[in-house]
Amino acid sequence: MLDLVSLRRDFHMHPEVGFTEFRTASKVAEILASLGYEVLIGPEAMDGDARRGLPPADVLEAAYERALRDGANPQIVEKMRGGYTAVIGIKKGSKEGPTVAFRFDMDALPVLESTDMDHVPQAKGFRSRYEGNMHACAHDGHTTIGLGLAEKLADGNFSGTVKLIFQPAEEGVRGAYSIVQKGHLDDVDYLFCHHLGTNVPLGEVHGASLGFLATTKMVAHFHGVSSHAGATPEKGRNALLGAATALLNIHGISRFSTGSTRVNVGVLEGGTAANIIPQYAKMVVETRSVAEEINAELEQRVRTIIAHSAAMHELDYEIEVVGGAIPINSDLDLAELAMEEARAVEGFTSFKVSDSNSMGSEDASFMIKRVQERGGKGTYMAIGTDIPAPHHHPKFDIQEEILPRAVALLHRIATRFLT
Amino acid sequence: MLDLVSLRRDFHMHPEVGFTEFRTASKVAEILASLGYEVLIGPEAMDGDARRGLPPADVLEAAYERALRDGANPQIVEKMRGGYTAVIGIKKGSKEGPTVAFRFDMDALPVLESTDMDHVPQAKGFRSRYEGNMHACAHDGHTTIGLGLAEKLADGNFSGTVKLIFQPAEEGVRGAYSIVQKGHLDDVDYLFCHHLGTNVPLGEVHGASLGFLATTKMVAHFHGVSSHAGATPEKGRNALLGAATALLNIHGISRFSTGSTRVNVGVLEGGTAANIIPQYAKMVVETRSVAEEINAELEQRVRTIIAHSAAMHELDYEIEVVGGAIPINSDLDLAELAMEEARAVEGFTSFKVSDSNSMGSEDASFMIKRVQERGGKGTYMAIGTDIPAPHHHPKFDIQEEILPRAVALLHRIATRFLT
Amino acid sequence: MLDLVSLRRDFHMHPEVGFTEFRTASKVAEILASLGYEVLIGPEAMDGDARRGLPPADVLEAAYERALRDGANPQIVEKMRGGYTAVIGIKKGSKEGPTVAFRFDMDALPVLESTDMDHVPQAKGFRSRYEGNMHACAHDGHTTIGLGLAEKLADGNFSGTVKLIFQPAEEGVRGAYSIVQKGHLDDVDYLFCHHLGTNVPLGEVHGASLGFLATTKMVAHFHGVSSHAGATPEKGRNALLGAATALLNIHGISRFSTGSTRVNVGVLEGGTAANIIPQYAKMVVETRSVAEEINAELEQRVRTIIAHSAAMHELDYEIEVVGGAIPINSDLDLAELAMEEARAVEGFTSFKVSDSNSMGSEDASFMIKRVQERGGKGTYMAIGTDIPAPHHHPKFDIQEEILPRAVALLHRIATRFLT
Amino acid sequence: MLDLVSLRRDFHMHPEVGFTEFRTASKVAEILASLGYEVLIGPEAMDGDARRGLPPADVLEAAYERALRDGANPQIVEKMRGGYTAVIGIKKGSKEGPTVAFRFDMDALPVLESTDMDHVPQAKGFRSRYEGNMHACAHDGHTTIGLGLAEKLADGNFSGTVKLIFQPAEEGVRGAYSIVQKGHLDDVDYLFCHHLGTNVPLGEVHGASLGFLATTKMVAHFHGVSSHAGATPEKGRNALLGAATALLNIHGISRFSTGSTRVNVGVLEGGTAANIIPQYAKMVVETRSVAEEINAELEQRVRTIIAHSAAMHELDYEIEVVGGAIPINSDLDLAELAMEEARAVEGFTSFKVSDSNSMGSEDASFMIKRVQERGGKGTYMAIGTDIPAPHHHPKFDIQEEILPRAVALLHRIATRFLT
């Protein structure tokens, strides 16, 4: 039987950021296989072209080699090479029935974990071994819960099919879309996603978290012509003039009377030296809105501004979408049924069908939407744990007693629908 | 015989700004005709489509009616209606010979003339009767000198052809081009242009004024969509955001290592009320450079910036060229010959072949360039007069004794070349 | 007895914009006096320094003279000269009791009234005689209702004091503040404000209109130094560079997570000619928010941006506040009591205690707030009338049958509280 | 006797960028000492606080350790630790006389040297061993020539004092000022600076290179407040909004009618992630002009723009000056005397007293100015060598036959004045 705490601590010690979850994903695949699941990995699990914000090849390769050094199964991880780190485990039950899916995200954050002795992972010796990376958003717990659930359902003693989706690159809302585009949500009747924490205390569980925002994350590249700023400034085409013009105008995009919006230019970098007309600049932009259509219009306005800020200074440009999400419209009847099950699980004492406990944005939104488009239902749940510090903080931690309880909860839910 | 002082004072009292010189031009045409000149007026004298910065139709019409009220010959002025205010007088000599042309500009400025008693026109009773307009750049003198020269040459006792070009709308560098485009400079062998004053004292004369800049004057119109700024700001397309973006970026155009440049956004006006997204904005821009090609590149950069500042905010736009000039490369050998003649004219005691006494820009430049392109020669001269206040100032004035001397000078020059 | 329809049509024919309501206000004062009211006018009715967006002296004077020509009582209107156009009528009842106040706004809009024959005022011959001005927001009706109410209460047969406040310059939210600052709301126990129309149909009445926004309207003046753009550009201090920088940065002010906001630069005007570095620029800005504190922070950010955009280019600047309002927190218990009375008035068949029928912003907000600060109560009501075109439209009109019904409603309300 | 070619190749193989010339400077000091010169190094040679654009401590330390590994004399280099890499060699002659100084710059560039076999240092095996750094501006030659001259003058058989100044950090115009501020130019009667190449062919020599520009290089740091761009954008203070506003306005600084100018924002970097309001931004700016006063005004305008762009967005800021130079007004009579000597040196066949062969900016300007302020004279010479590629290019190289000729030239000049 799986030791959930050990598993979680192992994941915690080896935090891998988006699309580099080679070691984590290979462990997941190995365990799923050992439990008799059909396991999809590599290009079978995800559409490579639909991955957003993929790291550069050398970064992917270095992470791959690190995973090999740290115990990743070479046969498995070889198929994930180049950033194909999704894993899907499928088990058909003994009888016909619906397809019920659960989603677990596996990636870590570029956060330097605390070394203070009041930080439990440090005190208990399972602090991150990958300096500068950290599981500061509970995905180590999510992955562990997914494997615990896999074990519970391993006997196939149910009606229908269970599909366990282990997703890379949730941070930056980058990975879910590539799994959706591969078609793995098309046959799902019921989809359950969840997050630990999110300001919900231990013992409490919410059937549907509302308030997720539509968002788009973009990187714009401006390409001009460098020239000596003293000798021949007129021969240059100044990438920073274009980028700064775009920046001011992006911040000047109108408020919308139809719903809340956000725009931000989070990063701008360009130029090389005082006496050179800057040849290149890079800009990272995000838009958000409560409504998908408004966010789409914001994205379009940002694109228009960037295109013409570049053209104004005779620059070339490209825009990459490196992340995105849409709002989540959880099915509240599904959430209600999930809460009915929760009442039967020991350790849960407080229940809400829905909250507006938004974490910002989530790319599980693409999965839930696809399921709903095909006539299925989905919900995004919040499972409480007390946390000593906010999500993404160097001292973030979860209470490990939530791991078996969450497994029990998801198992009851699975059983309820696999009939 | 013409009374030059009376003529000049009559012009001074009736100052007409660019393309509205109906009264002035009709007087000029009348006198030239009475002296036996062939007189070209209206669309025969200028290419209507090549006029730059033409005032609106109602302004032209009001000025036309004022001219009629103030004594313009109805038969003559009728042909000038709508802003065709150039006049060309041609006299063929008794023998064959070269074509020698002189250019005189006729327009006044939108300056409110001083009422101080130390201002001679006020003291002597010939202050402007057209409140807000004023001959503050000596064009009343230039026109008078042209008529004086016409009288001297009226007997046709020379070899060749004399062509006296009375130009509208020199201010704003708008009128010369339309005369050039009509072809009236194509057959000219020698062209003499001049200005009174320009910091040259009475008694001094320069054969060639150097340093005139190439320039383009443009008006850009930005058209967006208005909307209530509180209720539905996102429905607007903000013309002022586009215009302000253009303004900053126009001022940000690079210096050129290949020659001095200037750019200016002289006027920006847009919007109607605090709570309306601005639908329309207008911008007046000028570029200058010592070199015609650099100015052309500046103009192109301004156009590119305006086009993309508009498109960035989903605005429509148009750009009108409302004025322009090129540098003047006077023929110094011609200037030298002119100075030889000057030495023979009483009242002139100081002579320079050339100076760098730039007044900024001059559209006589188009005339001189056309003559040179056809193998002729041209120069732009400075004829001194002490002035109590700078050009364009409410107290600008000239010394009237320069009028007959300037006529004598130009007459000697004409005679020299009409052989 | 007053002929309400004739009165309203007389006001409609003589629409006077903010602070120029000389004829209207003198008629109001005359009628109130004839009904035995104590009448406060001129500097007794309002604090001159607290008037916002006062027109220039010559505009005020021209309107004053027009009012005299069109029948304003010279003794009365003389005291209003210079824009003191508030009128307050006070009547003490036969017994002691509370002070109950009603507010009526009198100003018209700079809208050109329709001449189509389907526009009732045109068809019936009472279209605006002041071309370009129009009562397109029902203030002619409001003023008429106020006088009708004055007549009903003229006998003083009640307990307490009635105060009828006829306010200038509601458009642009400019006039109420000066009446508040004079102290006229300090002793009010119950204040009732209202608007006709606002998308409420005839027969319906709302006790409290919610959703008014806090707003500030500002005019910023930027003063630089002009210079010839070709000859000595470096000597200029460019007012348009400062203003355009402010414009872009004002539009770039952050969204607020604490409540909806709006910012707009509605007007920008500066510069005189293509070849002059612009010496002066003017900018009209507004901010809005659902919350007074957020609007105050927006206003502060706008001020900071303007101050430093000016200083960046070595410009002087001033900022005038030309209008403003705060949100209205109507007392819903008062609104409920008012609706109780409404049920007893013939012609009203539909009732709401509150709506969120926002017209944008209203400076009655200052009056209601002052009353509430002193322990009194206030509400802003909506009284329905069908309208053929939106407020501020050239074909806006009201149904005149609402006039006596509104008088009856306010009379019942007054009587209810004057006990 | 020194082997100049070997020396130059040794320097070429060990290129050290500004203020990290530990190995080069210690070699120079060692040789000067061996020749009997008084040698000033470390804080005796330069004012530490007057060093501009000093690299960070860890960069200095790494370079220091590399120098130790590569043969720097530990006793000498220890005194240079932390970036004190100037060396001054002084030799008093046998008789009294004037003080004659020569300046040699020692630093290399961050350029990756070519590995093509047609690049002589690659072909002959003395390509840079410090990958990414390169002597691409002939300073290896300059340093070698300085040592060759030291050897020639080592016998002290002259009247007066010779002072050989080996300067760090000429690139970026950063190092000369610290030597001037230490007072080492205060007693100099004649100062000779020079550059190899600069488009002057082998065999030609110029007594004075004209056209150097005044320049200032600045780094501005903007400090704001980060905040989550979705959750609480209004709590942030956006460093990139301030920096982009500064960038556009710096590029918008007026042309000057009094002399050519340049401005450039060469680098802008800020922000960390799409969803964070940027807390910090850094900007690198340079100004240039033909005149020191104009450059001073440009610098002041840049400072004003940065200060108010920061304050506009409630940011803190600092500005560091990281480099600077002034124009050079070489004494043409000194240049003429130098050219007289040049005619006597074998290998030189073409001579100009002056050229306008500007390399941009040079901080030898501070040295020459100080000498002139104290009543001495100075000049900046150009010594020709054919070059296969432009200065700063990966294939830049010099002809080594110029080394002994340049030594001979400077020796003749020294001898001429040390009398």
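Lettered A, B, C and D in written order, each chain numbered from 1.
Everything that follows uses one rule, which is that contacts are C-beta pairs under 8 Å (C-beta built on N, C-alpha and C of every residue); 3 or more make two chains touch, one makes a residue touch a chain.
Every value quoted in this text rests on a predicted model; they were computed, and no experiment measured them.
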item: Intersection of contact partners for chain C and chain D; value: A, B
item: Chain of greatest Cα-centre distance to chain B; value: A
item: Chain pair with more C-beta contacts, A-B versus B-D; value: A-B
item: Whole-Å gap separating chain B and chain D, where each centre is the average of the chain's CA atoms; value: 52
item: Mean-CA-position distance for chain B and chain A (Å); value: 68
item: Two or more partner chains touched - positions in chain B; value: 231, 233, 238, 241, 245, 248-249, 251-252, 255, 262, 277
item: Interfacial residue positions of chain D with respect to chain C in the complex; value: 231-234, 236, 238, 241, 245, 248-249, 252, 254-258, 277, 297, 304-305, 307-309, 311-314
item: Chain C partner contacts - residues on chain A that touch it in the complex; value: 248-249, 251-252, 255, 260-262
item: Touching residues on chain B, where the partner in the complex is chain C; value: 172, 213, 215, 217, 228-231, 233, 238, 240-241, 243-245, 247-248, 251, 262, 264-278, 281, 284-286, 288, 322-323, 360-361
